[in-house]
Amino acid sequence: MIGLDESLRSLAAGFGFTLSFVFDDYDRTLFLQGIAYTALLSVASIVGSLLAGAVGAYVQFRGFRFASRLTDLYVQAFRNTPPLVQLYFFYFALGPTLTSVFGASQPVLSNVTWAILALTLYAGAFNVEIFRAGIEAVPRTTVEAAEALGLNQGQAFRRVVLPLALRTSLPSLNNNLVNLIKTTTNAYAIAVPELLYASSQIWSENLNTFEMMIILLVFYMLVVGLFSWAMGRFERAIAVPGWGR
Amino acid sequence: MQNANPIVDIRNVEKSFGANRVLRDVSLQVRRGEAVALIGPSGSGKSTLLRCINGLVQVDKGEVFAAGHAVHKLSTDAERIALRKDVSMVFQQYNLFPHLTVLQNLMLAPLEVLRQDRAEVEARAHQLLGKVRLQGKENAFPGQLSGGQQQRVAIARALAMRPSVMLFDEVTAALDPETVKEVLHTIRELVEEGMTSILVTHEMRFAREVAHHIHFTDRGVIVEHGDPATFFDNPQDPRTREFLSHVL
Amino acid sequence: MSKPGCARLRLFVAIVLACAALPVSASEGAATPSSFATLIKWLPLLLKGFAIDLGISVASMAIGTVLGAVVGVGQISSRAGVRRTSQWITQFFRNAPWLVLLFFCVLLLPYHFTVFGFSIPFPAWAKGIIGLALPVMGNVAEVVRGGIQSIPSGQWEAADALALSRSQTLRLVIFPQALKRMLPPWMNVYAVLMMATPLVSIVGVEDSVTVARSVLAAEGSPALLMPVYGLVLLLFFAYCAPIARCTRRLEARYAIA
């Protein structure tokens, strides 16, 4: 095992590559941890933003006056401002303010939590629009038929509108969620140890910036490719024959 | 003006799209000045055959000669462009360029491909518009014209290249009955002036009156052909008889 | 600005001001000079920083659009090699996180390069422009490809039948029609770019975010945290929201079924 290690190491060195994150224990841990945090941020914000999007779309579908106005404001605010500044606002401004309001000595929420919150709200705003477009694509007559059968608004939404709207939304949703995965790198700015941050720690020590960059780019290409493939499979699996395109 | 050598000579042509054999052993000759009608049920290969003549579709086997070009041997873009200067095509969907006016549609190819003098090209465009009876529509956009008017512009656009052979691919199929007449009238005039024309059409009466020769295709072969009188009054093959009984 | 737009902007401003008021009431200690006055004092500097963001976004958009148009046309080339390379380039730069590409450019491009014995410095903002232009290139390539492919095939056939060459067809028939359809998604790419521009603050460019953080560090007052960041958010909102509305209107007009 050690012999293999040594020969691979010298092989890599022969090409001028320093792949310390493969060979060095500390670096490897950093790297794997980075992957874990990126995964955590991605999964948590994907789930959160889907929920936020669904709630927002539902509110607008039902037409509740105040909630609709609020949702509209939320969407406008988060779609037209930079996600990095949103993140800074939450972590550097809102966070300390809340801390002093609650009179706590420690920050109320960790940087990871703020990152997830910020990413969720950011992607959620786009999801509201995506779901809304999907809902509007469901013909009015279909909804009327559901109501004529005695379903109340909530049931009609859950059992008739949402399933159809979801299928229409999938391509745009795929796009948005892929963007979300890429945007998790913003968390670097508030020292969340996700993959970019971990890589930067590795390259500042080992001066193998180029190699780490390539690894990063390859990693994201793989992740995005995998995710899009999985979404494509999902799309085909739930497709209704003869409906939509 | 009749030449013994056919200006379009198709010999034993075969074409398949995937597993679908669209043309199986088709042979056809057209003499200069002749108007030939291709009729038959949908999917019998008529449109494909037409596209083999101007190189939009490459044949799998066989030979195609058109206006002196060996179409089946075309390999370079320059050769294809040379062919299409002599053989023009009018489509069922007119395919006018929507962002250009009628006049610009007519002038585009002569200016860019033939590189002719602008004043000359413009004069000819006006003359052609008169010929298809659309004077006054020079500055209209295709979207502002009716289907029949657009199709006549398409015919004029094809004529602007001064071709030796004109191919018409079901040019009245997308038009409503009133406008069909005006387009057929234009084509009839062209034929009477001696333009070699190959028409894929469903208009039986028109084919009978205007064409010099009728070919009936079914499932990728030419079943029967003859001059209009013989063909329509005395069809030999049972398949021809069946087809004619449905459409006449 | 239309009525709902005005209302939204007013509400947004109201919320930002409320955020400004909150810490003033919550903070213990001596009465701070009105956060408002401080904001006004620093406003010119913040605006200058925002102008840097604007300038960078415009430059990146210009470069990325030109490159993206080339790659986009390459994606439909008749030569398989060109086609595959273009597709790879597009996918690569669309799938890469913007921040990683920025780091790549800022850290790996040289600090200066020598031309004819002259040493020309390569400042961070220039690298930032290039770093942002790369994902723009990927996205614009997709927009261009989509626009071209949305033109019905009948137009290609008719141009072919008229003996137009491939480049003539693209130049005279396809592009003029496709350009209108490309406009809304292209404007959308700019909106995304503008929103990503503050990332340059992480790699050492002095933009509005850098200025904001310097201001906060200089003043050292926690009461200013929310107003200053709120103001930056407001600046971007005031610039981007009208663009988004314009894009939506164009989308409706040039809608492709």
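All chains are identified by letter, namely A, B and C, in their written order; residue positions are counted from 1 within each chain.
By our rule, a contact is a pair of C-beta atoms (placed from the backbone, for glycine too) under 8 Å apart; a residue touches a chain by one contact, two chains touch by 3 or more.
Computed from a prediction, not measured in an experiment: that's the story for all the values here.
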Category of the chain touch graph - line, ring, star, complete, other: line
Central chain (by mean CA position): C
Centre distance in Å when chain B and chain C are each reduced to the mean of their C-alpha atoms: 51
Chain centre separation in whole Å, for chain B relative to chain A (CA means): 56
Whole-Å gap separating chain A and chain C, where each centre is the average of the chain's CA atoms: 20
Partner chain C, residues of chain A touching it in the complex: 72-73, 76-77, 79-86, 88-89, 92-94, 96-97, 100-101, 178, 182-186, 188-189, 196, 200, 209-210, 213, 216-217, 220-221, 224-225
Residues on chain B engaged by chain C in the complex (per definition of touch): 54, 56, 77, 80-85, 88-89, 91, 93, 95-99, 108-109, 112-113, 154, 157-158, 161
Complex contacts: residues of chain C adjacent to chain A: 8, 11-12, 19, 22-23, 26-27, 91-92, 95-100, 103-104, 107-108, 194-199, 201-202, 209, 216, 222, 225-226, 228-230, 232-233, 236-237, 240-241, 244
Contact footprint of chain B on chain C as seen in their complex: 154-155, 157-166, 168, 172-173, 176-177
